[in-house]
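Paired with subunit B in one complex and with subunit C in the other, subunit A is shared by the two complexes that follow.
Here is the complex of A and B:
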């Protein structure tokens, strides 16, 4: 009897939390399709007009392109900087991993505003383009997710032996890296790239303070829109939500596939 | 007739500030299987990696087939290496794993197909060409690694504890196969292991290492019968090691100032005397413990003068029970003197 009561309470709590989290999303999605929704429980009618307005808005398209560029360039920088470091740490010197883990925690502990103030102070008088400062800063902020995803990719195999074997078989270090290491960490790399891209794509604080109105990204545009047009803002929020949802679904699917593959591998090995 | 093929001269290696290999010298003959034997941390793999070119921060010389190779990169030495973890490339099929080095050498597809097919047949994996490493057993993976190394016809094949991840039965099977390939194809092999039985079973020569130094080099029998120092006597076999005074207490004449140690191999004890009794010493005592070693039995006995000794006999021979008073005999000439 007591167990049954516990289960009912647990179900109520979970339902309330779900409603609390999902209701605003549903309301925002409904609002983005509403003709008008004032003082009524449900909207007066449904329309795609706000979506059409948004996709034909040059400010939106420009902001979208800027965010995509920011995401792509940050991903490239992060991969170029962190992949060799993570490779070195896993293959040649595991002792530096503890220090790397400490560094990766720093972006969590240093508030964005403190980081920006520091960056602006240090680089303001130097002949370095502000854009570059921003890109490097966002790359650093994405370090925790990028590092963890890449580091996990190196757990599965003895990459040191594989890399050295390729050298012994006659390859140069660069070719061995490209032909042996990259293909075997490609899933981890892809996840790291997606995570880096989404964190750069949705970055707001650094971009707004360092470049502000000079480089309006989707997040900055979204914020501006919220203050002027609530309905258009909800359209943008919906689009943004589905964009992130698709990326999350892709990552979950990849990880699930990897998980299934590992289970199959264990099964095969047991058979042999 | 064999000739010197690999020569290591005054090799010293520092890792993280510690000198792990100290002025090492040894020679290996062509078309032989030489084993590096030693306890964990003795420096076996470090030397192997230096020969392969995976550790180039060394001093000293490495000569392969008369040419100095210590300054060459790993991909320029034409040396094959097999790792403990197999190091197969998981993204490539068995065929592509074996073909990897041939593709690096830009061999034609026809040559690759022919050579890979032949070597896979040699290691009895011709039906696994299209399989991926994840679908192979440990023994099959190791044979793919052997095929991948051998297909390039390397000057020397280095094997770094290649059998340690396998279970006992496959281990014995595979070590015999490795020996067979080596003899059939006439490859010079340098094999690292910490397993004495493995080293004894397959080697032409054994180099025993400890603490970054060569302790002794010789044929398996030579090393077993005539260990050069106390480390060797303790590491190889199951010898009884006695101080001069202890030996004297058994009635053997040893000079008063002799500080040497002496070994008596357990299998040299006899239960009765054959020939002149003056040639023997007699050990009287009681059986303390019995261990069945398959085809042999090991008796641990406490001698009447308090020595703990081991004696081994074939288990078809006379058997004793714990506590029984016995007399064992050993030829004086079979007692070996060893240095420090």
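Here is the complex of A and C:
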């Protein structure tokens, strides 16, 4: 009896919290389809006009392309820097992991706005492309997420044996890594890449301060639109939200499939 | 040795160039005056100016209140989440995950639609002829705004903790005649107390470092540590990078101490239990 009551309370609590958290998102989506929505409880009417306006706007397309470029290059840098280290830490020297623990609290002790202060101080007046500084800095900021996701990829297999057998069979370390290790961590790697891409794609603080208005990414464009055209901005926010939603759904689907597979594998070994 | 070097080289270079060097330079230049000489003038300025003290006060009070509220709500939310079926759990975790990454410019914008001067909430209160007490463009408004990403973050931190608690404990204490309140206060609470401390620290630190949401909502009109740093770098007041460095150093030192203390509490408690 008490258990049942618990469940009902739990459902009510979760519903209330979800409604509260989702309300801003719903409001934005409604606003993007609204003809006009000023000082009324519900919009005056519905239209797709703002969507057409945004999609045909060249500023939007170039901002989108810039954000995608930022996301892709950051993901490549992050993978090149972190993958070898996570591999080595998992396969050869677990003690490194304890030393890498500082990474997990990095975004809390040194958030973007603090890091950018140091970066501006050091690099603003140096003759190096500020774009490079930005790309490296965003890679660093994505580190906690990337690290965690990559670390999870190395659970389950005996990579040391695999890797060393490939070496004995005459592969160079790099070749062995690409041929033997990467195929076995490809799912985890893909998730890490998606997460890194998303964090770079939605980056605002560093891009805005280091490059200013010179490189208008989606978020900076969103901020500019917000000041001038609310409706267009809500369309952009909605598009951005659906982008996040699609990525989360892909990730959940992959993780679910992986989870099922792992359960099956464990089941099989138990039978043996 | 050579392979080890190759493995750590890109990572090391990255950490060195965009973390260690900038943070060290930041520490050093926080102790320099405008001419480059050694002085405490930046810190002096921070602590003796009413404006900058106000920034510190605002940051701490907003973060403290918002993280306390979010902590309580997220414990309750995470508990409720553990009671639901697996598929509902998965959907909700995705929802919370998304609403926490909605923080920043998108959140600021949607809060303006809901609670701005021409927003939905204003329309509702004026039709009902109720006095609208909430002004989103204020310290209270900010405290409220932060809960939209602090609560989902808190739930995602708490959920694994509560989900791993052993369900048999409740049955055991129930059989032994303990009331539910007794079980929660004497069994569950002491076990999760270190996690509560740890998660509170993370929520607090996260709120302290929030720049994007505040800046998008209020520009530099709300004086907090991150917005002051931002305007000191951008030169919207007067560009003064050494002073920004002092602020940033202060921030890092305080946060490192708090996070370290939080970890210590967790470790001591953790050891005592095991």
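Everything below uses one rule, namely that the second predicted complex is superposed on the first by the 253 of 272 C-alpha atoms of A that agree within 3 Å, B and C clash if a C-alpha of one lies under 4 Å from a C-alpha of the other, contacts with A are read in each partner's own complex, and residues count from 1 in each chain.
The rule we apply is simple: a residue touches a chain if its C-beta (ideal position, glycine included) is under 8 Å from a C-beta of that chain, and two chains touch if they have at least 3 such contacts.
Keep in mind that this is a model prediction, so the values were computed, not measured.
J.: Please indicate which partner A:11 is in contact with in the superposed arrangement: first for subunit B, second for subunit C, both, or neither.
T.: In the superposition, A:11 touches subunit C alone.
J.: According to the stated criteria, A:165 is in contact with first (subunit B), second (subunit C), both, or neither; which is it?
T.: In the superposition, A:165 touches subunit B alone.
J.: Output check: A:180 vs subunit B and subunit C. Expected answer is one of first, second, both, neither. What do you get?
T.: In the superposed model, A:180 contacts subunit B only, not subunit C.
J.: Is A:110 contacted by the first partner subunit B, the second partner subunit C, both or neither?
T.: A:110 sits against subunit C, while subunit B stays out of touch.
J.: What's your read, subunit B or subunit C touching more residues of subunit A?
T.: It is C that touches the greater number of subunit A residues.
J.: Looking at the overlay, what does A:41 touch: subunit B (first), subunit C (second), both, or neither?
T.: The second partner, subunit C, only.
J.: Figure out whether A:24 sits in contact with subunit B (first) or subunit C (second), or with both, or with neither.
T.: Second partner only.
J.: First (subunit B), second (subunit C), both or neither: which does A:81 touch?
T.: Touch partner of A:81: subunit C, not subunit B.
J.: Just to be sure I read the superposition right, which of the two partners does A:157 touch: subunit B = first, subunit C = second, or both, or neither?
T.: In the superposition, A:157 contacts subunit B only.
J.: Which subunit A residues come up in both lists, the one for subunit B and the one for subunit C?
T.: none
J.: Report the residues of subunit A in contact with subunit C in the complex, numbered from low to high.
T.: Residues 2, 6-7, 9-11, 13-14, 17-18, 20-25, 27-28, 31, 37-41, 77, 80-82, 84-85, 87-88, 105, 107-123, 133, 136-137, 139-140, 173, 198, 202, 204-205, 209, 219, 222-223, 226, 230, 233-234, 237, 240-241, 244-245, 248-249, 252, 256 of subunit A touch subunit C in their complex.
J.: Could you please specify the touching residues of subunit B with respect to subunit A in the complex?
T.: Where subunit B meets subunit A, its residues are 52-54, 73-75, 77, 79-81, 83-91, 100-101, 104-105, 134-137, 140, 148, 152.
J.: Would you mind writing out the residues of subunit A in touch with subunit B in their complex?
T.: 157-158, 161-162, 164-172, 175, 180, 183-184, 265, 268-269, 272
J.: Where on subunit C is subunit A touching in the complex?
T.: It is residues 3-4, 6-8, 10-11, 13-15, 17-19, 21-23, 25-26, 29, 73, 76-77, 79-81, 83-84, 90, 92, 94-99, 101-102, 104-114, 118, 120, 122-124, 126-127, 148, 151-152, 155, 180, 201-202, 205-206, 208-212, 216, 226, 229-230, 233-234, 241, 244-245, 247-248, 251-252, 255-256, 259, 263 of subunit C that touch subunit A.
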